[in-house]
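Here chain A shows up in two complexes: once beside chain B, once beside chain C.
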Partner chain A sequence: MRVARSRGLHGWRGFAFVVPYLIVLVAFGILPVLYAVKLAFTTDGGGWAGFRNFTHSAGDYRFMSALGHVLVFTSVWLSLLIVFVVTLALLLHGRASRSSAAYRFLYYIPGALAGAASVLVWLFMLDPSVSPGSFFVHHVLGAHLFVESIAPGKLPLIFAMIAFWTGAGGWVVVMYGALNTIPQELEDAARIDGAGPLTLALRIKLPLIRKWIAYMVILSFATGTQLFVEPQLVNQASLGMVPDTWSSNQLAYQLAFRYADFNSAAAISVDLLAIGLLGAVVIISRTGLFKVES
Partner chain B sequence: MKQRRLWPAVVVTALAFVSACGGSSGSGSAKDGITVWVDAARLPAAQAYAKAHPDKKVHVVTFDGDGNGATTLQTKIQLWNRSGKGWPDVIFSEQANDPVWMAKAPFDFAAPLEKLIPENVRSQWPQTSTAQCTVGGKQVCLQDNLAQVVLWVNKKQMEAFGYTVPTTWQDWAALGEKVAKEHPGYIVGNIGDSFSHWIYLWGNQCPLQQLEGDKVKIDPTDDHCTRAAALFDPLIKNGTLPPLSVFTPDFAKKYGGAQDKVLLMPGPSWYAQAVFDQALHVPAGEMTAANPLQWGSESPVTTGQVGGGPWIISKHSKNSAAAADFVTWVTTVFNPTGKDARPGYPAYAPLAEKWLQALASNPYFAADPTPALKTAADQVWAGWNLVTYPDQPVWSDKVVTKMVAGDSLSSLLPTLGSALGDAAKAAGYSVVGN
Partner chain C sequence: MALLLRGARVAVLAAFGVFFVGPLLWLVLAPTKSDHELVSRGPFTFGSIHHVALAWKHLYAFSDHIYLTWIGNSLLYAVTATAIVLVTAIPAGYCLALGSFPGRRLVLTLTLVVMMMPAAALVLPIFLELNALHLIGSVLSVILPFAFFPFGVNLAYIYYSTALPRELLDAARVDGCGEWGTFRRVALPLAKPVVALVLFFSFVSDWNNFFLPYTVLGDSKQYPIQVGLSTLLSSTPSFNPAVGGGGQQVGIFRPELALATLVAVVPVAIVFMLSQRSLVRGLVGGGVKE
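On to the complex of A and B.
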């Protein structure tokens, strides 16, 4: 009886801490989603539209190319993210704690810049005439002019690079935190059994942080398919050399605000939501993310 | 029971949150004054109005000007329309075609000017300018400045090389070939701006946006388009007509300042200040303007146009008389001299006269540019209409990026035509001649 009561009290205290977040989540997350779903299935006048908004937006001449761009970008970016974040976190975890803390801080710095500001930094990085990395721009991207740096074929790679630079640091820190939850005894036991740093990383640590990796992939997959800031800013900075409907989210934005077609825009948003949810379901079922081991 | 205990906390937090959000109320249209939205270049005009009228309340808001195909104003107007409040009384836009959609549903923002500004004032704008501001038979804007295209000439360099200023496109192209051989690195123009087709194709009567009722004619196979492209292609290839934008650091570094490699450049009236002086830093005493280029011996001579931003008064203004007074003042009275002079050729004819007088004696120019500017003002080709969709991003994306990669303009015309057709159809036009 006493135990039950104290557990209930704990639960309430925990809940109270979550309340401010819940309010924001409802106001800026759940309600807009419901509103978008409503818009997507209704007409401009508020009547039932069935799937008309979906077929109309999918029939737009920019829809398939935008979707194609986003899928290429997401696959490039996710591969970069998984390989480099996990490798860096494992390397950091294997190092002495002092130097590892300094590196963790270094990786995290770009992520501390607000999203749009960090993209602006890249506008300078990609312009060979002002870039501190002009050597890299010349020899890796083969560009002597800003217009060449942002040539259509290079864009998925460019955007993936920007997104990786701005977001990966935070994930390295998260993965490092995950690695710290591995009991020291386990590592010691492995060492006694003759495991070197590589075996330790691949056979012990990697399987144990699998769920964190899955978590990163789910969130990043959704973020990737909803790409907006990078192409939008590059579009404006290049005075239109990059189309303003490069990504699906940009197309939704254009439909809503240039053509005043909020319903088709909402349909694209719901498409993206569905893609994100589908991705999450697949990853969760494959990795057993929510399975509680008894 | 447990759940109920939590509710007070939730409600209190929620109330605090809601009241925090409601704390800031939008200013919008003030009852006893006006709110005007201007770009950075028009800010001095708005400030000067406020200074000259201390009895009137003017709330000035600066924004990006909606240039380069931005959707700032579309976004804002729809949000104001949805919330039913917040509209400014007056907007200046850098996008010459903004009044076209502003006067139509679902935006319905622009007020007809017939009752707000007297006919004897409005009739002082050139006919082509008024036509551009007329949507569905009603005039809904006043152009701030004209942006007629002339041929800008670096008199000092041309004389140093012993070249004569061309008067036809053919002579200009022949000079381009000559420059490529005799003085490689120098240029006779540039074709990589988002608006370069307004300079090179509009002026040459290529029908890429010609309104016929609700239909738009887009015909890149027209002889006017193909022959112009064929004339430009060798120059794009030999480097005297680079597909670069004048507003990029690359361009200034290669052709501006100490390099001083711009020999000729077809461009709008505002290039003198904004491009040659401020962006490229061409020294004083070098530049002047020549008449727009003629195609062979064909007449009349026509030219293109880039810009000519409009002033628009809101339909929702509670103080439209004050708004009209503001627009009239900034377009017909505001004319500072010297360093603060208006950057563009005033659209209001009587003011243009005064502005030209001051310009004629401006020491920046190597010779008086005003005769050419005046001639060009009446030569803007009327067969290129403003439409609700942005054509400039299409040109940048489909043509400029490909020309940078080495494709010829001639080979890109069909792509441009079909992409413009798609944009027109998406905006609700029916397309002919494509």
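On to the complex of A and C.
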């Protein structure tokens, strides 16, 4: 045993394997965060500012409305995800068949489109003159012109739909995978006790995938608060009818770029980082889905 | 009653199928029609190949074939960054799984935490850092941050800690391989599946990233395709009436914009669909491993 211990990647010997990664981890994971925190707590000239940058940026007349937009968008998106992802996964799991795999595949395809591409596709879908869903655009959104589709009041719903369209399929697949880890005997026992497919789904399966639903909700909440691409592109497509400070991240971006107020921009970034960090820590420490030690 | 329920189930599943796939089908068919036909003809009709060629001609001519430059930039950024990711992430995952150096737990925890954080949360902090280093506007300001990919490290870590028999490595050491030789001759060749996974995920996430390059690049000749698409959007009259007559000059209308979007996503979409299974394994790997 002693011989085996002296060999292998023990002590500092294996360290060389991690060094290249450590460099990028520090340079683009840790240092940016520390630097943003430093900027957020200092003044333009480098002096200590306390919480002044935070109160100053939070006092900006656009801060609360951007925060409100982001929170409404995130709530709508999370509701869509919880209701439909879970429903679809349960429906697909109820009767495993070849069609179930085909549906999962179809739902998953839009996941390939992210960034600007998915937004452009949906701008087409919201243009009543070319959209295949013009019926819905007319009757659900009440829009007859493209500019009416992207009226400010409808944006949280529209962004939630775009985010749902690109991401929901992946989550359906994940939930389906989680459902598959439920032991067959458990289902069989419930069936013998007279449980129908609905009881089985709601009383047996749903409670057993709670952890995964929590994971989806926390991760999506943290992602939702960072919204940037969608409102930025809609701003370009709306002739400024939609402000370029619609979301919190956009406001931080504008503070840095238009006003060169890096300290206030850093303060908002730190607010958003804190939300992301909190989400990550809650997922890792509470859901038990990701363990550091094997 | 049972029949009714079964019917309702199929109806719900099919309706969502249409919701998820319909927009993509429309996108594939849109460049086959002229801008006028897009409005006048049915949304899911096929026009003609001739229109696709015409739309491509306009797209190619736009701003001195800058569209191809954008695609080339995206390739350059994604390929270079992914190469660095492979060189850094695979050995790191290997060592985190099988080694024990001081601070190992800390590195693992940090990796997991950053992996779980939305990537967008780090963009402005990275911008502020690069700005202080006067790297803004350089190609490196995109490639270097892309090279940090904790998800890849986690994939390699999970693979090496679950799928690789330690005895095999010990055997190699007994045979006189040094640590580096053991990794290169035994551990690396055995990790082909995970190398492919990391390559794919890193490439796709770089290709699709909009926020970081949008923030750190100034010159439109340096844009990757995602940022380029936003420029095209601003040049399309039906979405931005301010271009009006300008739209006539640059020849970018809805079919051209649709074609540009399609060309930008097709390569990724194909690889994406092929790797569905591995993706899911990667996503749930940390959770379901025994």
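A few notes on this one:
One rule holds in what follows: the second predicted complex is superposed on the first by the 243 of 294 C-alpha atoms of A that agree within 3 Å, B and C clash if a C-alpha of one lies under 4 Å from a C-alpha of the other, contacts with A are read in each partner's own complex, and residues count from 1 in each chain.
Keep in mind that, in the parts below, a contact is a pair of C-beta atoms (placed from the backbone, for glycine too) under 8 Å apart; a residue touches a chain by one contact, two chains touch by 3 or more.
All figures in this text were calculated on a predicted structure; none of them were measured in a lab.
Of the two partner chains placed around the shared chain by superposition, chain C is the only one that A:Y21 touches, whereas chain B remains out of contact.
Contact with both chain B and chain C is seen for A:F146 once the two complexes are overlaid on the shared chain.
In the superposition on chain A, contact of A:V130 is made with both chain B and chain C. In the superposition on chain A, A:V173 contacts chain C only, with no contact to chain B.
Comparing chain C and chain B on the residues of chain A they touch gives the larger count to C. When the two complexes are overlaid on their common chain A, residue A:D244 makes contact with chain B while staying clear of chain C.
Contacts of A:W12 after superposition on the shared chain: both chain B and chain C are touched. Within the superposed three-chain model, A:Q236 lies in touch with chain B and with chain C [touch as defined at top]. Residues 8, 12, 15-16, 20, 23, 27, 127, 129-130, 146, 236, 239, 253, 256 of chain A lie at the contact with chain B in one complex and at the contact with chain C in the other.
The touching residues of chain A, when paired with chain B in their complex, are 8, 12, 15-16, 19-20, 23, 27, 60-61, 127-130, 145-148, 151-152, 235-236, 238-244, 253-254, 256-260. Per the touch definition, chain A reaches chain C in the complex via residues 4, 7-18, 20-25, 27-33, 35-36, 39, 84, 87-88, 91-92, 94-95, 99, 103, 105-117, 120-125, 127, 129-134, 146, 165, 168-170, 173-174, 177-178, 181, 197, 212, 215, 219, 222-223, 225-226, 228-229, 232-233, 236-237, 239, 249, 252-253, 256, 262, 265-266, 268-269, 272-273, 275-277, 279-281, 283-284, 289-294. On chain C, the positions that touch chain A within their shared complex are 5, 9, 12-13, 16-17, 19-24, 26-27, 30, 38-39, 43-44, 84, 87-89, 91-92, 94-102, 105, 107-118, 120-129, 131-132, 144-145, 147-148, 150, 153, 161-162, 169-170, 173, 179, 183, 204, 208-211, 214-215, 226-227, 229-230, 233-234, 238-242, 254, 257-258, 261, 264-265, 268-269, 272-273, 276, 279-280, 283-284, 286-289.
Partner chain A is touched in their complex by these residues of chain B: 2, 5-6, 9-10, 13-14, 17, 68-71, 74-75, 78, 106-107, 192-194, 244-245, 247-250, 253, 389, 392-393, 395-397, 400-401, 404-405, 422, 425-427.
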